[in-house]
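Would you mind keeping the following structure in view while I ask a few things?
As written, the chain order gives the labels A, B, C, D and E, with residue 1 at the start of each chain.
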Amino acid sequence: MAATAARTPIIEVRDIVKHYGSIIALNGVSIEVSAGEVLCLLGDNGAGKSTLIKMLSGAVRPTSGEFLVEGQPVDFVSPRDALDAGIATVFQDLAMIPLMSITRNFFMGREPVSGFWPFRHIDMKHCNAVTRDEMHKIGIDIRDPNQAVGTLSGGERQCVAIARAVYFGAKVLILDEPTSALGVAQTSMVLKYIHQVQQKGLGVIFITHNVRHAYAVGDRFTVLNRGQTLGTFSKSEISMEEVQNLMAGGKELQTLSADLNGTI
Amino acid sequence: MATLEHKASVAPEQTVSAAPKADERMRQVSLATQIMRRPELGAVAGLVLVVIFFFLTADRSMFTLAGAMTILAPASQLGILAIAAALLMIGGEFDLSIGSMVAFAGLVFGVLLINFGQPLSIAILLTLLFSGVVGAVNGQIVIRTRLPSFIVTLAFLFILRGLTLVGLKWATGGSTQLRGISSAVADSPLLHLFSGQAFEGFFLWLARNGVIETFDNGLPKVTGVPVSVIWFIALALLATWVLLRTRTGNWIFAAGGDPNAARNSGVPVNRVKTSLFALTACAAALVAIITVLDAGSTDARRGFQKEFEAIIAAVIGGCLLTGGYGSAIGAFFGAVIFGLVSIGLTYTRFDSDWFQVFLGSMLLLAVLFNNFIRRRVTGER
Amino acid sequence: ADVRIVAVTHGQANDPFWSVVKNGVSAAAKDMGASVDYRAPETFDMVAMSQLIDAAVNQKPAGLIVSIPDASALGPSIKKAVAAGIPVISINSGSDVSKELGALLHVGQEEYAAGKAAGEKLKELGGKKGICVNQEVGNVSLDQRCKGFGDGFGGSVTVLPVSNDPTEVRAKVKAALSADTAIDTVMALGASTAGEPSLAAVEDAGRAGKVHVATFDLSADFLKAVSAGKAAFAIDQQQFLQGYLPVVFLANYAKFGLIPSGNVPSGPNLITKEKAAQVVELSAKGIR
Amino acid sequence: MATLEHKASVAPEQTVSAAPKADERMRQVSLATQIMRRPELGAVAGLVLVVIFFFLTADRSMFTLAGAMTILAPASQLGILAIAAALLMIGGEFDLSIGSMVAFAGLVFGVLLINFGQPLSIAILLTLLFSGVVGAVNGQIVIRTRLPSFIVTLAFLFILRGLTLVGLKWATGGSTQLRGISSAVADSPLLHLFSGQAFEGFFLWLARNGVIETFDNGLPKVTGVPVSVIWFIALALLATWVLLRTRTGNWIFAAGGDPNAARNSGVPVNRVKTSLFALTACAAALVAIITVLDAGSTDARRGFQKEFEAIIAAVIGGCLLTGGYGSAIGAFFGAVIFGLVSIGLTYTRFDSDWFQVFLGSMLLLAVLFNNFIRRRVTGER
Amino acid sequence: MAATAARTPIIEVRDIVKHYGSIIALNGVSIEVSAGEVLCLLGDNGAGKSTLIKMLSGAVRPTSGEFLVEGQPVDFVSPRDALDAGIATVFQDLAMIPLMSITRNFFMGREPVSGFWPFRHIDMKHCNAVTRDEMHKIGIDIRDPNQAVGTLSGGERQCVAIARAVYFGAKVLILDEPTSALGVAQTSMVLKYIHQVQQKGLGVIFITHNVRHAYAVGDRFTVLNRGQTLGTFSKSEISMEEVQNLMAGGKELQTLSADLNGTI
């Protein structure tokens, strides 16, 4: 299937299963990502993409299945373990604290400290400057880095989460529908970021419902459906239309598209 | 709970420090607005109101140095608890066992001194250590079982209170009061850190020079600042610094604001919460040590309902019960308001039957006034 | 032990006064070879107390000891016990209604009478204006102590509501003293909770020796102050006996059908300077 | 607060009633799992544990009919409050003034009967009405000022308690105890709805036929079911029906779950919350009426700390302090557990010094056990 | 500007201003929607689109400005007023209660009751059936209508909000980025819905960052930028590319697009 099978993948999961009580969210899913590769995770709503991502980033634990990072089996008990292993994630729900300021959210969990021990503190000025800067780069001109995140617009908030994940670098960058609420300019910035990150040799897992975005940056496409893998395809093997049909899970897209002049 | 969104929209933390920029999407606002928007300072308006009320109704002696000290002594003990409770509340949890912990730590401290004849330093150390461990156990139970801290610490409220009684009877052979502590620690050098007054020399000097009032025998009416006041102020400053300027502070806000989001961002939420529980218990132990040394005895009813008062003070000071929002300075003012109202009423001529009615009304008024002023000044809806 | 006796009172086990009663109960139980359960509601709560009596009656003990701070609330439950054939002895409060409700006898002292005695004594000492330091306003027996004190004292008396926190009591008493310098008498309703901090407050206010401090009940440190002349007196109900005697009576009644034919007044007993020193040690052990 | 997400993921409401379908994304689960997942039934495990404990340690007389009644009487009075408190908590607010309201409503009721010589029916009506109004005022203050209900109702805790004292002294001419109520209402037909025992005839018949125990004089040991128990059960059923099957119930869950989202969806959140406050106050008044009629007197300490116990019962029963989750049946079981533990201990031989230690431990154990069993059965992490 | 100026618009706002403390979210915005018309509200992240929507649906009150419904000035104090006036909204944050079931969320605020007064209750069976049905129509096959909404996937949740708004009909339907988390099939369903609703003669306000979606269903386009209106254009006046440029707020999209083969 994939062209990169020779290298050890940075992340590899095999036959992952996840139950929530009586609900089966994942029922045997396998994927792998190598360095310098963008894997697009596609699938219908409720297919289990976010659940898989949460597993990779240590936020939930699988019911069964294997999970290898650089060939070594791992068992993350908290997202901190995943971060320490170099996996940075933008969650679909963004993992932000509404009552806290933009800066504080930006640096949450990885605050840079200065000074000696009993006086070790955060250099807020520097943090504010970094935040303003990084947000500017992604295309958001924030009024005040101390504004509470809960009062930002949906897109602004999403940009904070993305800027944060990118800023703190990592071996793997996981993005769960990062562009869903973004404006046109911000979206293109994020796609550009993905490209840059890939160039630096990181692995990227990118979830989206937008075929164009996926096709623009993806090297390989894994399609999930109702908790199971429908297959993995490299860009050379598959056309944009085929990807689109896979994503829609074989629903009669033709009729719909016809009504709307193929604009989806 | 309804207030979460609301607070978010009106109190962007530290707007004061924001550098003014030319952004057409920002209005110029007055300094007053900027100040009132800080959660720390919200409680000041209420304090001012209460002070004015007493100024109009109370005996003049309330507004002397001696009067101030009379109010500050209990307020500071409550305040030490309130600051710890505020940190814990910001971190998203409650501790209802603080009051019982005061009694229990008092027992442990007394027993170490009297029954085991330990020197003061060891007794203090062990008491703090022991309380910290109990607090951490509290925290671990909350975290592991994912039960609400309300119910877990409530159980400890009963358990510790009960153990205090049993322990006291065991230690004294049947009484509920353990005494003789003053003589046991009479000449320990550490004593002055935890009991009595600070700056005594300075006050004596002031008295000699006629700056402050004296008794007829020439001794100053106020011989110094109670050490608990010093602890109170120091802790308030320290807690404020930690909350606003350190990594730990950020983690506390995050853990209380949304533990899941915080965990997903790599904040060690469990460690933070456990430490906060331990800290709260240590604060209770500190108050126990101070009161036991001051009173020279401890009994089974120490700290009764202090958990409640500490939470009241923290809430007056602007902490959200739901976590993630509040300040140590707010709790400081909250404790002062509570102390001022409850002691202040004895300086007035109101019939004491009305005490609780006044206490309740003053608290409500203070909080309403805070709110009113803040809304007025910040121009919010 | 074959004789089982239940005591239900309105005082919690951690109340210094009632813990002495409980010690009396335990001592008598040991001496008589009876088994006694001491029960009390978690707060001064008459409804809960009547429910505790019901629960006790249901266990058919050989005898029941109750305090009766509210005859209306507790009456039906006590009558039920009597109807069920359980011998009842009332202690502490309720001497006036004891017979009426069917109790065999009453051991104790009326709170009001004790308060009145204290008030009279303090008036004798020259008191004109007093405060009554009440650590649990609304607790009817404490309210009666205050009322009795007021009636006996004659002069102007205000109630100072405080909590159990010694620091707060001290601050409030001090505040009261400095707000009104005419106050020359402090009546505390509990020795360790209110009495000791009141003494400290008087000293803080620089009024030591000029203000008479007296208290209900005993505590070792307060007694020391009495013997040192810093405090006027403490009122002793000898509540140890309120616990001890009924158990003895009921045990003997159960075994031999013997019972005294009249009430036993256990107090009031003013402990003044002369007597104070000898009671200190007993008080520290929870016997007085 | 950490539990929100968690609960969400494990307790989809009423999974029990879901029709089984063939969906490859669902596992078959046992009936036990489905039952344990209902918030109503979570507290049953704890109840079973507590009963077993007492079965092993307590006097046999606890497990007679009479024993059950001695436990149910206090549990039912607490339970009436707990059910109302649970509804209010589900609706996202607290009422700390319940306990004081019991005392105050008792005063109002007593004064109406004695000082104003009103007939029982009028007195009951006015008391309920009056309490409802006070409750609604509480609610309106919370809503208009957007202050936390904790602090507002706390103020009323003090104010109402204080007014009770003042009122009692006024009504009795100086005492804090108002007596003589039994004689004032001696022959009102309404009396049997609010005091004494229900089904007395039935129990007499049972006793005659030797089905239940009798005293030596032939009268049944248990003359009937206390009316408070009937009220308790009726209210629990009613509240459960309202919560699960009516529009109002949906609004209560919504108002507590996220008031903003609820408002945005068209739920009249303010009206719901105000009604809940009024309801809670009325429940307190009902308890006041029942206890005053039963005791024949009222005093300034009635209902002391009942607010606390009601919240405890609701939390044991699975209500979230943060609102939006819980059940009336849970509060029912919570009240029974609390009543069982606190009265049950008098049936055992434990020294009363240990009472609080046991109370705390039993509560903790009951809740831990609930939790353990639920997790075990539902196979959650 | 608009072609429909002759008819009285269903909703019209003039010169709306909204301040949050020192923050100016809207600074003089005017729009209007007529029956049977789809107005697309476009604009960068943080432009003020959601704030405007919240005002129209009664969730926040304007600092100043006029608000007319069918020519009559109104002052909504709560969203209930807006609902009563026939304005149904899908908020960007969805306005769902995570702990409540899908059905209960679906009918929240508009529960159908049956039976006589003291016994008036909700017919849960019927509600469950309706919910399952409506969700199926939009392309989501829910497992159990009693599942808590908090445990649904992002897209599933968004579908509940949309299905609810559509089901309860109205004079005006406001959709704030309704398709942001939706899969391909669900998105086309929503666009189809908009079309249907418009045919029925309702007015629709549709917010999106996806130019194609906007162009597919929109009759007129209002562009906001930094709290102000950039202008309103009817479909005949403007091309897709021009709309796209307006949305990005004149940022240098060309360069970005070039990198990514124009796939945004």
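Some notes on this structure:
The criterion applied here is as follows: a residue touches a chain if its C-beta (ideal position, glycine included) is under 8 Å from a C-beta of that chain, and two chains touch if they have at least 3 such contacts.
Listed by chain with UniProt protein names: A, E = ATP-binding cassette domain-containing protein; B, D = Xylose transport system permease protein XylH.
In this text the structure is predicted, and so the values were computed from the model without any measurement.
Common neighbours of chain A and chain C under the contact definition above: B, D. Between the contact lists of chain C and chain D, the overlap consists of B. Chain pairs A-B and A-D differ in how many C-beta pairs are in contact, and the one with more is A-B. With respect to chain A, maximal separation of chain centres occurs for C (centres as means of Cα atoms). Note: the chain lying farthest from chain B is E, by mean C-alpha position. Taking the mean of the C-alpha atoms as each chain's centre, chain B and chain C sit 34 Å apart.
The distance from the centre of chain D to the centre of chain E, with each centre set as the mean of the Cα atoms, comes to 43 Å. Distance from the chain B centre to the chain E centre is 48 Å, each centre being the mean of its Cα atoms.
Touching of two or more other chains is recorded for residues 13, 137 of chain C. Looking at chain D, residues 5, 9, 12, 15, 25-26, 161, 165, 260, 353, 355 sit in touch with two or more other chains. Counting partner chains per residue, chain E shows two or more touched chains at residues 20, 23, 93, 143, 147, 151.
Inter-chain contacts occur between A-B, A-D, A-E, B-C, B-D, B-E, C-D, D-E.
Those residues of chain B lying in contact with chain A across their complex are 4-5, 7-9, 11-15, 17-18, 21, 23, 25-26, 241, 245-247, 250-251, 253-254, 257-258, 260-268, 324-325. Residues 57, 59, 78-80, 83, 89, 91, 93-101, 104-105, 107-111, 113, 120-122, 124, 141, 143-148, 150-151 of chain E are the ones that touch chain D when the two sit in their complex.
Chain D makes touch with chain A in their complex at residues 9-10, 12, 15, 24-29, 33, 37, 378-381. In the complex of the two chains, the chain C residues touching chain D come out as 13, 22, 35, 37-40, 42-48, 50-52, 54-56, 58-60, 70-73, 75-76, 83-85, 137-140, 143, 147.
Against chain B, in their complex, chain D makes its touches with residues 1-3, 5-6, 92-93, 141, 145-148, 150-152, 154-163, 165-166, 169, 256, 259-260, 269, 311-312, 315-316, 320-323, 353-361, 363-364, 367-368, 371.
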